[in-house]
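Chain lettering (A, B, C and D) follows the sequence in which the chains are written, and residue indices restart at 1 in each chain.
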C-alpha cells in the first residue's frame, strides 16, 4: 500500500502591501489548492532580501549553478535566495502573485526570476532543470493596465524554466476597487489554485511524468532528423518558388 | 479491453513561405510527435481564407458562439474558418508555428486567434470552452528580434482559451541562417513535439482530466470565500499599517 | 512670406464596431488634433481589404519595396493596401486606434503593420524609410486586459519603422463601460491628439528635422568607432575580472 | 546673445558586467551623442543600491512624491535612489541600456523604473511629471531572445512617464558574439545616441516645447467634448447596427 504524499503548493507574493489585491487573489488560490487536497505555504518576497543576479552565466554558461556546495554562486550565503530556492525545490507547484508596476511584475519578483537561472541552468550540469516538471500558476493585480503584459512574460518564462502551466493557469484583476467584489476575478484565481493541484496529481499518475521534460538530442538523432527535414523543405521550396517568380 | 485512441496533433503553420524556418521547426516538432506515438496533420493558413473577427461579442457576450447551427456566426460559410475550427476540435494537441513579423505572430495567425473566440466563448453557452483541456505548443522563427514577444503573447492567450502548455512547450529561432544548422533550436522544437504528446497521454490517464478545467463558482461559494478572504486581508492590513505610519 | 502648410493627421481605426470605445477615443484624439491646428482624416480598416504580407523580404531583403512602379509587390493592385499607404505617405502624423482582442491589436491592424514593411524597407533601396520622421500615437480599448501589451508592441514597432512617439503618445481604456464616462481616458486620448501635432510643428521648426533620422555608418566610421569601443571594454573587463575571480 | 546650454545625456547601465555587450552599445550611443554635441554621463546601477518600491501610491495616489523635502518617501536617505533621481532631473535625455535576462530588462532596472514613479507621480502634486518632455532611448543586448519584449516594455513605460522617444530610438543585439562585430547593431546604437540629441535640440527650438506635455482637461472641456463624441458615436451605431441585424 503506497503512501499518499500531499501535493505541496508554494505561494510567492511579491507586493509590499500584504493586504492588497494581489494578496487576496493569492489567498483565494491557496485556499482552492487546499480544498483540492494540497498543503500550501505562503511567503512574501518583501520579508526577504534577494540581491540582483551577477550574470556569471554570460561569461561562461557553466559558471552558473545552484549552490549545493559552498562557493558555487558568489552570492551564496549573502542573501535569502537559498531559502526561497529550497522552498521551490520541495514544492510540486508554485503560484506567483504580483502587483502590476509599470505594466510588469514588481522588481523583487523580477530579481527572483533572474536568480532562478541557477536552478534552470542545472540542465547543463546534471541534464535536468531543477524546476523541470513542476507546475506553475500566476496571478496579477493592478489599478491600471499591464496585467496581461506581466502574465504573458511570467508564463512564457516559467515554461522556459521547465514548469507546466495548466489551462486557465493565470488570473488577473485590474481596477481601483477590491478584487473580492469581482466574482470573475475570484473565480479565476480559484481555478488557478485548483488546476495546479489537478495537474500535479495527473502528472503523478504516470511513470512517464517522472522522466525529465527536456532531453538533448544526440548528434546522431540531430543529423538524421535534419537530413530528412532539409529534403522536405527543399522540395517544398522548389515547388513553391515556381509560384513566386518575382522573388530573387 | 479498451481501444487505444492515438493522440492527434494538429500543426498550424502561418507563413507564406512553406519551406522556411518556421516550416522546418514545425516539421521537426510533428516528426517528434509521431515518434512519441501521435497521428499528425499539417495545415498552412495561407492556403485558406480566414476573415477578421466581427467582434459581435463586444455588443453582448452571448452574441458569439461556435456555429454548430446555421446562422450563429455571421461569417459562417463565408470563409474557411469552420474547416480549421473542426480540425482544432478533433485534435488533442495543437502546435502553432509562426514567422516573426514586426516582433509578433503573423497577421493570419492573429486573425485565427481572434476567430477562435467563438470556441472559447462557449464557456458562457455550455459551461466549457471547446478548447478546454487540450494541449498547445508554439514555435516561432524570425531573422530579427521578437520571438519571445510573439511566444509570450501566444502562450498566455492559449492558456486563457483553456489549453495546457507543457514544460518547454515553446521553441524559437532567430537569425538569418537555416534553423536546421542550430542544434539547440532543433532540440527545442523536438521537445515541443514530444511534450505535447506526453502531456496528452498523462491527462488521459485520469478520470479527473476529463472534467472541465474551468468551473464558475456558485454564488454561495463565492460569498463564503470572499468573507473569509476579507477577514484575513483586513487583519493583515491592520497589522501592516502600523508599520507604515506615513501612509494616508 | 511662407505658406503655412497644415499638419495632416491620419486616424486609422481597426475595429468592426465603428461606434465603440476605440472609435470614441480616436474621435477625441482627432478633435484634439483639429483644435491644435491639424487637418484630420479618418479611415476604418474594416472598410478595406488588406491581404496578409507574402514575406518576400525573407527570401532576399531587396525583394520588398513600396510599389511606386508596377510589378514591385506581387499584391500591388490586388487589394486596398496602396490606398492606405498613400494616405500614410501624405500624413505628418498617424493615430492608430485598436480594440484589444486577446491582449493584442486586432488582426486587421496586424496585417496592415506587416504590409507597412514595404514602406520601411525602402531604407535599403533609397536610404530612408518612407515613414522616417513622421509622428505616431496609439489608442487601445478593451473590456479585459491587454491594452498595455498591444500598445507596447505598437509603439516599439512604430519607432522601428521611423516614427517619433511623443510624450504621453498612447492612451487606453479597459472596462465594460463607455470610455466617455472615464475622464482620465478621455484626457489621455485628447493629449495624444494634441501632442502628435505639437511634435510635428516642433520638428518642422528646424532644418535638422528634415534630414533622415537613420543614417548607416560608413565602413570607416564603423571601424574607428569599434576600435575605440573595444579598447574601452577590454580595459573595463580587465579591471572588473579581478573582482570576479570565480568566473571561468 | 544667448548662452548655448549643452544637451546633457545620461547613460544608465544596468548590467553587472561592465564590459559586456550592453556596455559596448551604451558606449557607442554616448559617443554618438557627444559627436552630436552633447555632454554625457555614465552610471551603472550595480554600483548603487536601489531598494524596491513600497507602493505607497496604491494606498492613496497622493502618498507618492519625489522627496524634495525630508520625510516624503519612506525610503528617502536609505538608499541611492535620490542620487539617480537628481541625475535624471538634470538631464535632457536618458539612454537606458540593459542586458536581457529572461526576456526582460534586468531586475535592477525594473526596480529603478518602479521607483521613478515618484517623479512621474508629481503630475498629481504639481501638474507635471518631473520627467515630462525629456527624451529617451533604450538599448538591449542578450544571448537569447527577449530584446524586443524588453524594449517594447521600456519604451511604452517611458512614454507613459512623459518621455519622448525619437525615431529609431531603440537598438538591440542578440547573439553569443561581440556586438561590435555586428555593424547593423552598432549603427543602430549610434543612431539612438544621435537621435536623442537631435530631438532635444528641436524641442528647444520652440517655446511650445517648454509647456507641459500633459494637460488635464477641465470639467467643462470634458463635458462638451464627451457630449459631441456621444452624438457622433450614437449616429454611427444606429447606422451600423442596421447592417448587423444578428446582434443582440
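Here is the rule we go by: contacts are C-beta pairs under 8 Å (C-beta built on N, C-alpha and C of every residue); 3 or more make two chains touch, one makes a residue touch a chain.
Quick caveat: nothing in here was measured; it's all calculated off a predicted structure.
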- Item | Required steps from chain A to chain C (each step between touching chains, minimum) | 1
- Task: Return the chain whose centre of C-alpha atoms lies at maximal distance from the corresponding centre of chain B.
- Result: D
- Query: If you fit chain A onto chain B using only Cα atoms, how far does it have to rotate, to the nearest 5°?
  - Reply: 180
- Note on the structure: Note: chain D sits from chain C at a C-alpha centroid distance in Å of 17
- Note on the structure: Note: chain D sits from chain A at a C-alpha centroid distance in Å of 28
- How many angstrom lie between the CA centroids of chain B and chain D, rounded to a whole number? 33
- Item | Residues within chain D bordering two or more other chains | 17, 20, 54, 59, 103, 148-149, 151-153, 156, 160
- Tell me, which parts of chain D touch chain C in their complex? 17-20, 23-24, 27-28, 31, 132-133, 148, 151-153, 155-156, 159-160, 162-170, 180-181, 183, 186-187, 190-191, 194-195, 198-199, 201-203, 205-206, 208-209, 213-217, 222, 225-226, 228-230, 232-234, 236-237, 240
- Task: Please give the residue numbers of chain A that touch chain D in the complex, ascending.
- Result: 15-17, 20, 46, 52-55, 58-59, 99, 101-108, 110-111, 113-114, 117, 143, 149, 153, 156-157, 160
- Can you list the residues on chain D that touch chain B in the complex? 54, 56, 59-60, 62-63, 71, 74, 103, 145-149, 151-152, 172, 174-175, 244, 246-248
